[in-house]
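Report on the structure given below.
Chain naming follows the written order as A, B, C and D, and within any one chain the residues start at number 1.
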Amino acid sequence: MSSAILLLSCPDQKGIVAQISNFIFEHRGNIEHADQHIDSQSKILFMRIQWAMDKFTVSREDISAKLKPLADRFKMNWRIFFTDNTPRVAIFVSSYTHCLYDLLLRHQDKQLHCTIPLIISNHESIREIANYFSIPFYFSPKSDKNKITAEKKELLLLKEHHVDTIVLARYMQILSKNFVKKFKNSIINIHHSFLPAFIGSDPYAQAYCRGVKIIGATSHYVTDRLDEGPIIEQNTVRISHRDSLNDLKRKGKDLERIVLNQALRWHLEHKILVYNNKTVIFD
Amino acid sequence: MSSAILLLSCPDQKGIVAQISNFIFEHRGNIEHADQHIDSQSKILFMRIQWAMDKFTVSREDISAKLKPLADRFKMNWRIFFTDNTPRVAIFVSSYTHCLYDLLLRHQDKQLHCTIPLIISNHESIREIANYFSIPFYFSPKSDKNKITAEKKELLLLKEHHVDTIVLARYMQILSKNFVKKFKNSIINIHHSFLPAFIGSDPYAQAYCRGVKIIGATSHYVTDRLDEGPIIEQNTVRISHRDSLNDLKRKGKDLERIVLNQALRWHLEHKILVYNNKTVIFD
Amino acid sequence: MSSAILLLSCPDQKGIVAQISNFIFEHRGNIEHADQHIDSQSKILFMRIQWAMDKFTVSREDISAKLKPLADRFKMNWRIFFTDNTPRVAIFVSSYTHCLYDLLLRHQDKQLHCTIPLIISNHESIREIANYFSIPFYFSPKSDKNKITAEKKELLLLKEHHVDTIVLARYMQILSKNFVKKFKNSIINIHHSFLPAFIGSDPYAQAYCRGVKIIGATSHYVTDRLDEGPIIEQNTVRISHRDSLNDLKRKGKDLERIVLNQALRWHLEHKILVYNNKTVIFD
Amino acid sequence: MSSAILLLSCPDQKGIVAQISNFIFEHRGNIEHADQHIDSQSKILFMRIQWAMDKFTVSREDISAKLKPLADRFKMNWRIFFTDNTPRVAIFVSSYTHCLYDLLLRHQDKQLHCTIPLIISNHESIREIANYFSIPFYFSPKSDKNKITAEKKELLLLKEHHVDTIVLARYMQILSKNFVKKFKNSIINIHHSFLPAFIGSDPYAQAYCRGVKIIGATSHYVTDRLDEGPIIEQNTVRISHRDSLNDLKRKGKDLERIVLNQALRWHLEHKILVYNNKTVIFD
């Protein structure tokens, strides 16, 4: 049975929740979940509302038109999803395989509500893993010189496979502005530090050098500013002087897997709203 | 400015959220927060909805009558609170003072939305602390023999001070069934273990003896079954073989303070619904 | 380069640390790590000391004889390990594969200092995973009737493969007393609860029913008392009323992987001493 | 009964642990704890060794002379402490009182092994708290203009009270280079962020603005570079979009109390060695 999920944001005003609830009720939708949040500084209302479609009297195609007057009146930004439209996720990965394996095993375990139509890597060695999980693999070598050409081919592949979400599962290449623009708030990266600490390359070495007592990992949407996109999820783990740089990397791998998975899970469940380079997460 | 908070539970049915939202909207209430949860096993809907009272066209006194048809139709259990009715909390405490100090300091720091009209203790030594914070103190010594008499006096005091919530801040006396019945889901206890492990007396010694690697604390509503009431909040902290029993107690004190405070905070904000000896917490 | 690791316990007495250090120094061993702990209740000293073997003037074969007078004098329980003797680990697993995959991937990533000569399962479906990681697989179906016969064959296999450590990676069969006796403090189990809470079967269902706000996982050495062996490692994760029983199981899987890995890692590094059904861990 | 604690660091060399152990054993000291660490990059050995003084045949006054040959031979940096020399701690505080109360209550509860001979504040309002805990209070107002003069008086007070350790319990004044130099690795600050993220003023506002999902607190030794001294302890707590800036501050207060207390506790137990702007902590 399918449900609809409406994500919206708009200036806070009296009656929004009631009007939206009413719209659904009048057309015989049964509300399954509803959550809202008002940002007290900007006076913006954020809302996520989910209802059963089985007896809903408006067809999917007509919802937009029917909702338009309400949306216009309240100046809403809104998007609608249907739970039987399984999201299609492409995984980009370089040589580190722990996040890739983690996602594929969770997918195999039916923990992730998505299809993974392809894996793209600049390392040919990943093909074997893709094969084991029976997922199409595309080798896409990259250098500063061929970047734009390579990305063009990748964009074609993504289109062909109807991909809507990209996961950078420790992908060590920086995507071009143009590429990022095409997947706004749809590319999820895992950065191996507790952002905004240790931006850039080799954050574990930076953390080791500074002598911190806790390390972290951060999953965020990719924007055209490196490691500065809206943060979706973070987690931390304790370290001590006994931990070598290698221990940091090892402990960090566990964090990265858990944080990336959590961020992707929320994204796939349409629980994330982005505003002001921050995220509202209705978990 | 005051808001109303409606807490309700009822068998799940189509239209409840819309009907409630509409009821509020029609009488010019602006919904500030709304949260609901459906227990997938029992098909019970839980809801907490908060709206501004300033332009609401129904007076406080009339809300119940106006809401009745809706409540009857959906077979609701419901309670309503107003945010300008500050809860009145009595603290019961024995000889350990860390939780008491913690609550009083948070109260002084305006972190807890309540009045504390009195402190009751079976230890005269607590009076000095009560005095420092200018809170009336009542010495109520207890033994197996005088328990019922002592509780009678305590109940009178609580009535006199219009107390609606009792916090047992490490109170080492077991309350009688009769006493507990008078404050259903309104007595908050802190138990110094990760329940249901280590029920009963001296849980730190039990934990030390078993050789666990993590200890915990649990805050729960008091029922007539010792340490088995609905759990509101728990937290844990890591220990090692280097920690003596005294270290466990010391680390545990920090846990107890944080867990009890969190439980009380949610209670004061009317965010807790109890069902089936479990809690739904709309945080 | 190889190092020796001496694990010992004995009644605390003046001079033990100095005498042991001296013994190593006099024979030209360079101490790389040393850690000790005195249990303040039982007055037992625990010690782990590691030194470089490259210039050590006593051969491996002779260490025991040379150490004997010291060991006798201080009434030591002791064992010695050499870091170039890679431990040999057999994995027992039933139908849940998350812990198995986790161990095999960490092993492939060189995080675990051990050889895995075989995987034994009562589920034929595990063979495919074993094959992917190129590890010999043995199908050993079990019922109440064939248990002793099956265990006999398993014990032969373990002997043949020179196995010294067994990991029960979610193995849903109870080992016989006789089997357990043969691998004292060498069988590591993962139990999917925060022991001693929720002993026995289906701990997640027990936790869900009790309404706890945190769930846990526990790794322990197997003894002949179910779920009561010495605890090596525990960890916890927060849950809420929104988590279904399936969510508990999913969140628990992450815990189980991390806890089991940590316990095995310490075991392989000879950092665990068992005393009084508790563990001393020199991490 | 008193014990001696020797803290040392030196280039790693064969025989150090044995020679030191031997020195203690030969003079009839019973080793109670010993811990060491070798930094694998710099090849520096760090050691903390504690022994009972009751039958030790060298007097306190003579230990330095007796130890000198050994110390010279191994090029040791070393310091010695005696557990019956209770450290003397001055608390500096501005208007926020949560850390101050926390330290004073722990001290009253015998959790902190120190004397607190005085509290210094640039806020007269702190006097009342100092009085309640019967600790001498000094009001020392500060501005950019009077800073040096004020510090001179403070230094005199510290000398007069034989203070060896200073805790900045949310002290909102920056100490001069000269002041800091006089208390090298003896001034403990609490910074209300997860350093190195959010250095400088109003870190909670910075964290709120960046949209992080976890906030932290850091305790470190004060050096002449603001918020860049050796980190002693850090901790973190989860936040969400629902948390206002005030909620961050409130949650942060709990972190600050716990982190500062832990850092001070280790310092008082002489468990911290500083090297390369990092700390080795033998906990």
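FYI, a residue touches a chain if its C-beta (ideal position, glycine included) is under 8 Å from a C-beta of that chain, and two chains touch if they have at least 3 such contacts.
Predicted, not measured: the structure shown is a model, and the values here were computed from it.
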Given chain A and chain D, the chains that contact each of them: B, C
Contacts common to chain B and chain C (chain labels): A, D
Relative to chain B, chain with the most remote C-alpha centre: C
Computed distance of Cα centres, chain D from chain B, in Å: 38
For chain D, residues that touch 2 or more chains besides their own: 242
Residue ranges of chain B in contact with chain A within the complex: 14-19, 21-22, 24-26, 28, 30-36, 38
In the complex with chain C, residue positions of chain B that touch it: 37, 39-40, 194-198, 210-214, 216, 230-236, 240-242, 244, 276-281
Residues of chain B defined as touching chain D within the complex: 98, 101, 105, 109, 111, 132, 242, 250, 253-254, 258, 283
